[in-house]
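Two complexes come next, and they have one chain in common, subunit A, joined by subunit B in the first and subunit C in the second.
This part shows the complex of A and B:
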């Protein structure tokens, strides 16, 4: 039967037509075998073009369409839906990428770019001729979401998920919830204290019985497919019973002989092997740090009912429909000697300094020296010229300025010097910068190629800067404290990017699919990212992304079922001789051995198969094909590309 | 079809409003969008490309608009305004005014015959006055709905459109219509206003032809550009030496806007990169106070512009003057990073990087209670740290730039947050 295929060649505004002669392309493909009509269009994706394509299909009984435009990553679903609305099977639509793979790549050679477009479209037409209608598999989904990371982003997401009626598993690696926020004291922009904000979240969480909290818990395996994931979780023993009610906790704290660096205070203080990350930490029972505890038994002697040193590591499997990764950030750790860090006593990071402020009573002093002058050095570990971190950490300018405002409020006599590159108090945060200038804070600007020098000057530390704002003059400050305004790096998460197969960018933060179209989605369908694990953010922005991920997860799971992409591998059981090659190369564990009529053959689990095609070339008996990319389609495409080439 | 009861009313059909509506509709809620213009799309659809990925704005915006329009759970009411919102029990009673388009949307095919034959020529607001449009017109080529509208203020009632319309869609008997809707929740996605460059008279916008604002430049660079080239407004000459004046009307107490607009640094850097492509011989200088390249991929985008040869000069521009003979402009600035002191430089085109101002319209919709605004007239967020979409009125939420300056990625995230908060709220009142 003669085919009736419609071909649409998109200008993409000029993105394509500035380099590819679309009229010439149309001329070249309009008489190809099977083509009924060929048109050019300024924006194929616009509503009016979509309507035109639908009308063409219906009026001319088209039985396949080819749109030559951008990458299928952008608009495959747009045009599949066009086909569907016109009554075609969405898989009778073929997208040809003549933008990313042609006009943009060959903008220097319009003639060849035009020829390439013609060949690619011919291949698309051949594929459309061979394409078969496919039907998605509909599967039930699990009403449950795992939130990995119990900081502000994860806790906030858990509450909102619960309120939409989903069951939530909140999984935190540490023994306590809250993440970085309780370490911070007063938060921009409401001056609510970090631990108060976390208390607000925790109280909401415990009100809801569809949220289960796991602390000391890490994900070690991940399998299944969207809507039906399975997570293997390992839970560290806490050695403290859930009904902990020991009146002698203060005494135990005193008598525990182990002292280690307190990570909550970034090493400014020590803590015991039995501890709470901070006094009002949640859950409200202490934990014993398994690595450092010497099992001396003092605590157990004082409160025998409260401890259980026989607790073992637990493992459990959770089945969920979606996952949200909220693994957060760590402050950049300056290198030994970077602006005197680790070399001079009076050099701290901003995060350490905020802890110092929290730990101080009355006056602010460090190493028993009263602090009167502070030099803040900005962009430490961010916007690095030579280092790895090219990115701006976004929150630090405002955080440092907010800190200096708090200093002024609490200790009127402290003078702040800000050594900056650009002050990035974007939006309403600008007001803080203005207030700080009004307070008399001194701002000195340095160039990336000429950073400030921190060196010993007698008993003191001196900071020298060539200040751009005063014509490059060298200015020396002798501060009581140098505070390095350190940026964000992704928090260590035990290799979750490998477990979940979620890509990270050059900046090592999780990569979203598209910053505007799909900012909280990842290439793994059903796995979302939110908070500072995706990139530096302040708290408000963190919560925006956290709630956005909830919106997406809820949209995915709200109907109870899900349609799966039908582009999966298919086995010809007659040809299959079970050699196991396919099973060996399949990274999704989608292939199993099965006995069929006394013969061993491979079978595909369609829920797990991603249609990647790895199994096809390794099959010795050519028994595997991918639906939507059958051998006939691929060979047809090759013929299309090579038309006119002498064989 | 058009009903009178919805779960959610979204006010504003820009990118934030569309994203909120789509999220809620995907969750199964019935949503109505009220858009005051004849097409949805807001400001984003008028842009050229967007930072930091340099995706063309149309490629992202048009499919979203199209999806919004055809989603079975979304109704769009364009050319309509919210007259009042009144709380009744747990719901809201909303009065809507639908302005007459004098065109029957059910019949119009968007063929543009009326436009081609209309004798009137007035400034095209969607091209910021760079070109004209007719009194019978389609807002812009990617408009949704793509139906004509008659601008009755400027129409001379000649009747030509009525005669040439092949679909008989022109209807001069249309009257304003009012509807009363019942909704459970309201999302304010009312967007922002551009800072009017005339409010900085020392920059000569409106007086010197070759001083334009950045929105006009974005139109010149967009795929649906009016002249298919970047030219000087005065004489159509291809500019060779272009200046950008950042913080025009932002971080500026004298202009009444002390806050930073958050987008101008980046869109100027974007335009500079696009201009480098469009006009390879042109020099581009960006005068700035601080370069605020703070978002994901922004700093890298800024460094890329530097590597491409864009000149960055730290210094606030004080004044712009015109050289009568050439139409070129003298930019007076403080040369901070160079040799210091006040300097002057000649450019043949100056682009003013205007910022965002609030659009306080939403406050006027509430006749029986008060919607709180912040000190900059943006909708006040009562719990910005944990419930960023929440306003002081129960059941009323805000998304996008209604609550403060935001770029497109942040607007989209705030729309996502608003939809999650609305979904939880509606469940709670059931």
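This part shows the complex of A and C:
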């Protein structure tokens, strides 16, 4: 059957026609085999041109169109929809890029650019001749999202997901929700307390029936494809019953013989084997730390109804349509001796210091010494030239400055010295910096190559800094406390990046697809990232990313089904001899071995396949093709390009 | 190596630098300053030294005296830290710091300064009562009110006191500044520097003229010249009375000089008094009480001196003697407190300019 293909050559308002002789191009392609009509147009993407193309298709019964214009990144979908509106299959449309790949690139040589345009369009025509109509695969999706990490980002995401009608599984590794936020006390900008915000989120969560909380739970396995994932979750026993109601809890706390470092207070205090991370921690029942409990039985004796030491580790499988990873951060732990950390008593990290402030009553003292002068050393473990952490954690400057404002407010007579490299109090946080300066806080600037030196000076610690702002003069401070302003590193998450196959960057945070345009998506379709597990953020930014991950998850699952791009690999079972080469190179795990009529062949999971084409060249029996890029189409394009152009 | 002293900037606040801790070291003040040079960049360095409390650095700096408080730095400061105000405050701080035997403490510390002034004024009033003669009520004869001997001896005592104290204070300044060996140069170079500073800076106020706002420069220049004229007039009257008591004709010289000089000085001093009262500009927002005392004393000294010159032509005998007494008391106070109030800038600034010139 003779093909009836329409070819449109776009001027792009001069962007193309200034360098490419479009009339000559039209002359050269209008009589190609299969071409029914060829036209030039000033702007192919304009409304009137689109209408003209539709009219052409319908009046002339065209069975394929080629538009030679800009990059498919810009208008592929525009013209696919033109084809669809005219009654063609969208995949019977072929876009040829003669702008980015021709006129712009060869503006110095119009003659050759014209020749190249002719060759490219001929290739496009050949491809259009071989193109087959394709239809997207539609698969049903599971109404459920697993949110992994029960900190502020995860909690906020859970609430929002629940309101869209999706079922939510909130999975937290620790026995208590809230993550790092309750450790902080007053937060900057609003001066609200972290634990109060967490309480608000928790109360919203328990109001909703479609959110299931799992604490002490870790993801062990992950399989399936977008819309249909399966998670294996392992849940630690809490040994405390859900209806915990023990009047003697205070007494138990006193009598429990086990004392371990309290991680919530960064080792400043000890806690018992039975504990709550903080007094108003959620869920409101305590937990027993399985690793450290000696099973002495004191607690069970006092409140037999409230404990159950027969609880075993549980395993369960969850089926969800999408996953949001909100695994959060840990503060960078300075190395032994880094600015005197771990060497001198009076050196703490900012996070430890904030706990110290929270634990202090009335007077701020440490090691029974009243604190009057505090030296904050900035960028500890951040922006390292030689070390691993090249990045800026962007919350720490403001956090340190806000801390000094709180000190001024609470204790008035405390003097703060800020030893910084650069101050990054961006946006509204700048006001805090200004206030701190007005308070009389003293700022000294050092260069990375000349960091401050913390050393012993009698009973005190002395900090020496070559202050750039004072002509690099060496200046000495004798503080009562040195506070190291440390940044964020990703929180230990039990190797989730391996389980989910979500890539991490050099900084070890989860990587998004595109930092600007697709900031919460990962290369795994249906797995999203949010909060500080993706990179350092303050709480505002954390919640922003958490909500955008919800929007992405909802737009994926809301219709109940999922249309998948039909451009995927296809196996010719006749030819396939199962050598396994394709399976080896497939990064998406989309190829499985299957027995078909007593023969082992490769089968493509169309939900996982991205149509990347890696498998095609490694197939020795030429049994694999990519729909929309079949061998016939590619060979035809090569013929089209190679055909001589008459000058 | 110096140690940070956060209390210092609190101390400097008492001298008039209230917002200096707001500084975030952008350096706009130095960039805009028409007087700051590459070898001598201020006010940023002084701001920094104040914030960190590097007292030695400030005590040994000439920078405060090289600043004329154009105020362009304060207008440009993005944090409203008022660096110009700080330089002013540092001048007050240095005046106090360089004073002999801490006499200036009397005039700088709140309540004690009130008593110091009270006692001083009382001394002046008592002195007039004690040393006054029976004045000639028919005709104005100033020397019949206070004898020439009293004026002569009193004048000499005051000027000796003034010279000794001023000399010692300049010596203290020199010691604080710590000229290095390298700067120690011959008499000839000193003389050259002296002539350069005297004509190009003191008399012409060249540096001051670089300020964008010329009103203060003009008023200050007029006040300076007028004051010099009035001062010369007073000296010549006394000298003529002493050397040519009989020669009436020659007295026309100081009279004319006084009358002419009175006009610019009155304009100048009134300008500053009015602007300070009105707080018209940023530069007059804050006046330390030692500024007030200086400006008020000099205002009344000039006003009364000028009146005396005019009254000499009239027959208002009583008013004349009364004004004369008032003038004597004011001048007595002015001279005695010269080294401790804003008046001291008359010696510190040229001396600092001289030292800066030598250092260069």
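By our rule, the second predicted complex is superposed on the first by the 430 of 647 C-alpha atoms of A that agree within 3 Å, B and C clash if a C-alpha of one lies under 4 Å from a C-alpha of the other, contacts with A are read in each partner's own complex, and residues count from 1 in each chain.
Note that in this section a residue touches a chain if its C-beta (ideal position, glycine included) is under 8 Å from a C-beta of that chain, and two chains touch if they have at least 3 such contacts.
Just so it is clear, the model here is predicted, and its values are computed rather than measured.
*Asks:* May I ask you to decide whether A:477 touches subunit B, subunit C, both, or neither, giving the answer as first, second, both or neither?
*Replies:* The answer is second: A:477 touches subunit C but not subunit B.
*Asks:* Does subunit B (first) or subunit C (second) touch A:196, or do both, or does neither?
*Replies:* A:196 sits against neither subunit B nor subunit C.
*Asks:* Applying the document's definition of touching, compare subunit B and subunit C: which contacts more of subunit A?
*Replies:* Of subunit B and subunit C, more residues of subunit A lie in contact with B.
*Asks:* Which partner does A:443 contact after superposing on A: first (subunit B), second (subunit C), both, neither?
*Replies:* In the superposition, A:443 touches subunit C alone.
*Asks:* Go through the superposed model and pick first if A:46 touches only subunit B, second if only subunit C, both, or neither.
*Replies:* It touches subunit B, and subunit C stays clear.
*Asks:* With both complexes overlaid on chain A, does A:642 touch subunit B (first), subunit C (second), both or neither?
*Replies:* Neither partner.
*Asks:* Identify the partner contact of A:431: answer first if only subunit B is touched, second if only subunit C is, both if each is, neither if none is.
*Replies:* A:431: touches subunit B, not subunit C.
*Asks:* Where does A:469 make contact in the superposed view: on subunit B (first), on subunit C (second), on both, or on neither?
*Replies:* Touch status of A:469: both partners.
*Asks:* Which subunit A residues contact subunit B in one complex and subunit C in the other?
*Replies:* 423, 434, 469, 471
*Asks:* Show which residues of subunit C lie in contact with subunit A when the two form their complex.
*Replies:* So the residues of subunit C in touch with subunit A come to 1-4, 6, 9-10, 19, 21-25, 45, 48-49, 51-52, 54, 79.
*Asks:* Name, in rising order, each residue of subunit A that touches subunit C in their complex.
*Replies:* Per the stated touch rule, the residues are 415, 417, 423, 433-434, 437-445, 464, 467, 469-471, 473-478.
*Asks:* So in the complex, the part of subunit A that touches subunit B is made up of which residues?
*Replies:* Residues of subunit A touching subunit B: 11-15, 42-43, 45-48, 50, 70, 74-75, 78, 85, 156, 160, 163-165, 187, 189-190, 192, 197, 200-201, 382-383, 390-392, 394, 422-431, 434, 447, 468-469, 471, 507, 509, 514-517, 519-520, 534-536, 539-541, 543-552, 554-555, 558-559.
*Asks:* In the complex of these two chains, what residues of subunit B are touching subunit A?
*Replies:* Counting only subunit B, the residues touching subunit A are 23, 26-28, 50, 52-53, 55-56, 58-60, 62-67, 69-70, 110, 141-142, 144-146, 222-224, 251, 258-262, 290-300, 303, 314, 336-337, 339-340, 374, 376, 384-386, 388-389, 404-406, 408-410, 412-417, 419-421, 423-424, 427-428.
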